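Each structure below appears as structure tokens.
Shared chain: chain A. Partners: chain B in the first complex, chain C in the second.
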Partner chain A sequence: MTRDVAIVGLGCTSFRPTSPHASYREMIFEAAVKAYSDAGIEPDQVDTFMSVSEDYLEGTAIVDEYVPDQLGAVLKPVHTIGADGITGLASAFLQIRTGQFEVALVEGRSKASNVLHPAHIDAFALDPVYVRPLELHPRFVAGLEMRAFLEATGNTEEQAAAVVEKNRGNACRNPMAAHPARTSAQDVLRSAPIAEPLKEGDAALPADGSIVIILASAEAAARMKGQPVYIEGVGWAQDTPNIEERDWSRAAYAEEAARQAYRMAKISDPAGQIQFAEVDDAFAYKELQHLESVGLAPTGMAGRMLEQGEFSPGGRLPVNASGGSLGCGHVHDLAGLRSVMEAALQLRGDAGDRQLNNPRVGLAQSWRGVPTASGGAAVLSRR
Partner chain B sequence: MSTQPHYSTAPGKALGNIPIHHRYTVGVAGERFFKAMRDRKVILAAACSSCRQRFLPPKIYCEICFVETGDWSPVEGPARVKSFTLLHRSLDEEPLTQPVAVALIVWDGVRGGILHRVGGLEDPSQLKTGLLVEPCWADERAGGVNDIRFFAPANP
Partner chain C sequence: MRPLAGTSLSDQALTQGEALTTSWRVKAEYAWDTGAAVGKFLAGLKEGKVLGVQCSGCERTLIPPRAFCELCFAPIDRWVELSGTGVINTFSVSFVNWDATRRDTPEIPAVIEIDGASPGLGILHVLGEVGEDLPTVLSKVAIGKRVQAVWKPQSEREGAITDIRYFKLVG
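Let's turn to the complex of A and B:
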């Protein structure tokens, strides 16, 4: 008999291009205070903590050592997840499912503005023998993938640009977003090339922010004040690290992560059962690729469905109503938690001006970014 | 290669860096691969002793069968551009005056390929998916990916 697990508390800072007003630890404190208040609990009621961290991006070695005090987690179990946020969520979910813990907390933060040379960090993630000596800006990988994806599926650069118009427009209704804009697909197509066909406008701009999510067993959740949002299924996967071997026509890691999450959630017909989705859009074409890979659009159809308005807030399957990473800002490994938070807000009916019409089942999906081929998926519901 | 970190602080911000240097072990497969490039101007693929799948870059194991690879042999026939990009930025985010053409180069019957620059183009528009290319070898070869200067359109 497995036990049900629910999200019972959400807290975050707003996302912003820079945050000179607060250190990353102070930003975590802000998110934690809000999450505890949302759940109506105190830190000493949390049994186990998950920290989503990547040392190079934080600029501090073993950065998770600096996590406990601003969460109220000193001398409590803290588990560091060096992966994307949904993998952190999945770890908290599984720890509760063991029966050893009733309440778990997942924390992540991005201080992207602290990183003065981000391309060097992404380049440092390239294979040091076969790829790094070429001394290329790592976004060449996205350029290669975008072209291969578009050519293989028939989706177009124009359709990718339309993703930006939608998502940055959606962000105009999200007060937490760092990069809302009324921008047109034409603006994106006219923006400077980075790694053709990838253009400046196709790439999510970085943002700072912190998110804290509190999970509880269904029994513990019943004793708390808020409306629980249930985690029906989770999954995560990594494709081959060898860039040369990947099939860029699809996101194999997203297919597998979604397959795991759907199986756990007993979703047999994702396109029919999932009512809205927050999928990774670190680059505009990735939204289309991810939608096809998680079974929410047939291969080669995501761009056309987007043009027909199916993924707009009023459409059949709203995608990235939050604004996604294009609109909210890219928060690195926190991006998956931002998607989870938005899905939970939508299911609770707490999404403010961007609230969708009474959804009951949503998908959050994440990608770790260039040059990785890994990510997670989570199916959330309101029962 | 200075190993002195540089710090400077002020009330609003503290600057910090760390000089990180590594010496990576290339490995059994990589050594054999790069020696063949350096000494013989040959690109070697390794084949699984069970399923016969050939890998590039070569590995000492087959990830599918989880057994060691056996036969090592040069790739043959024309190489093909599987995807390409024109890169406009340096690692320091400076715009490049001349964009760099980068491609994934593949061979039929081989899993994987080589990521490399494409050069010798008469015109950037010549670069297309499927373009047949061949390696342009460096005169001075040290045993690394840059022993190939770039891939150039193959002579018909």
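Let's turn to the complex of A and C:
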């Protein structure tokens, strides 16, 4: 008999382009205090801690060693996930499922503004023999993918630009968002090319921030004060790192991650059963590609559905009502946790001015960003 | 000794390009936000002051300062000025350079328990003026000996832990 696992506490800082007022430790402390308050528990009630971090983005090796103090996790089990946030959530979920732990905490933070040459960090992730010596700005990977994806599926640059208009507009109703804007698809299309057809306006701007999410077994959750949001299914997958052999027309990692999550959640008809989604939109076209890959739009139809308003907050399947990474700011591996947090807020009815109409089942999906082909998916519900 | 299987590579093969090599220097540079607690501590050093904080939960006086107590999980905002003196908690005499070559004169890292801080709390620094060879250092330095900070001149301080040059024995 597997045990059910629920999200019982959420805490975050605002997402901001810079955050000189707080060290990363102080940011995590703020998110943790809020999450404990939200769950109505104390740190000593948490059995296991998950830290989502990537040393090269922090500038400190083995940076998770610096995590326990600000979480109340001194002398507790701490587990580092050097992957995207949903993979971290999945690890916490599975640790509770083992029966060994009742309450788990997942932490992540972005200090993107502290990384002086972010493109150089991305380039360092490229294959050192075949690709890196070409000394290309790593965003070329997104340019290659965007062209091949649009060509293969019939989605258009204009439709990708419309994703930006929608998401940055949605962010205007999200007080935590770093980059809300009343921008138009035309503005995006007129912006400077960076790796054509990818334009400046297509790319999410970075942001700083921290998120803490507390999970509990259903039995432990029942003893807590808040409304639990159940994790019905999780999945994560990595495609081959070979840029040369990727099928750009779809995000195979997202397909597989969603397939795992749907199977666990007993979702047989995602388009019919998922009521809203927070999907990765680090680049505008990625929202369209991810929607098609996780089965929420038929191949080649995501752009048209977007134009018809289906993915708008009042539409049939609201997508990135939070503003997504385009509106909230791109917080690297934390982006997946931000999607999970938004989905949980929506399911609890705590999403404020951007609250959707009484949703019961939502999807959070993540991508690790250029140059990776890996990501996760989680199906959340209110029972 | 039996030779290992495979093709051996000489240093020359690597440096003279006989073997295929690839190299890359990653531009991993960061500008960390100090935040509230570390920022105030560093500003204090620039003024020649050693600042600590006090937790209202466990009543410990903590150094280096932090915005929250890691044991009480409570925020901290009570600051106190401590002294530049303390006792040696532990030390080591290091004769190894960064490239693993031997040093003639040692470096002496030490944990200094700062006067006024709660027991067991202090800062990591180096000792100076305690000799240049192992027998001399060991004849002078010991756990529990009193030390004091030797500061850079005010004009050279920049708000860094190195604003204290080193700690030397008292008296």
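By our rule, the second predicted complex is superposed on the first by the 383 of 383 C-alpha atoms of A that agree within 3 Å, B and C clash if a C-alpha of one lies under 4 Å from a C-alpha of the other, contacts with A are read in each partner's own complex, and residues count from 1 in each chain.
We adopt the following convention: a contact is a pair of C-beta atoms (placed from the backbone, for glycine too) under 8 Å apart; a residue touches a chain by one contact, two chains touch by 3 or more.
Note that the structure is predicted; figures quoted are calculated from it, not measured.
Residue contacts after overlaying the shared chain place A:59 against chain B and chain C alike. Judged by the touch definition given at the top, the superposed model places A:198 against chain B, while chain C stays out of reach.
When both complexes are overlaid on chain A, the residue A:269 reaches neither chain B nor chain C. In the superposition on chain A, contact of A:353 is made with neither chain B nor chain C.
In the superposed model, A:120 lies in contact with both chain B and chain C. Contacts of A:128 after superposition on the shared chain: both chain B and chain C are touched.
Once the two complexes are overlaid on chain A, the chain A residues touched by chain B in the first and by chain C in the second are 20, 59, 117, 120, 123, 128-129, 133.
Chain A meets chain B in the complex at residues 20, 59, 117, 119-120, 123, 128-131, 133-137, 139-140, 143-148, 151, 192-198, 240, 242-245, 248. If you check the complex, the residues on chain B that touch chain A are 12-13, 16, 22, 24, 26-27, 30, 55-57, 63, 82-93, 95, 99-100, 102-104, 106, 111-117, 129, 144-146.
Contact residues on chain A toward chain C in their complex (touch as defined above): 19-27, 29, 33, 42-43, 56, 58-59, 68-70, 72, 74, 111, 113-117, 120-121, 123-124, 128-129, 132-133.
Across the interface of their complex, chain A is touched by residues 22, 24, 26-38, 66-68, 70-71, 73, 75 of chain C.
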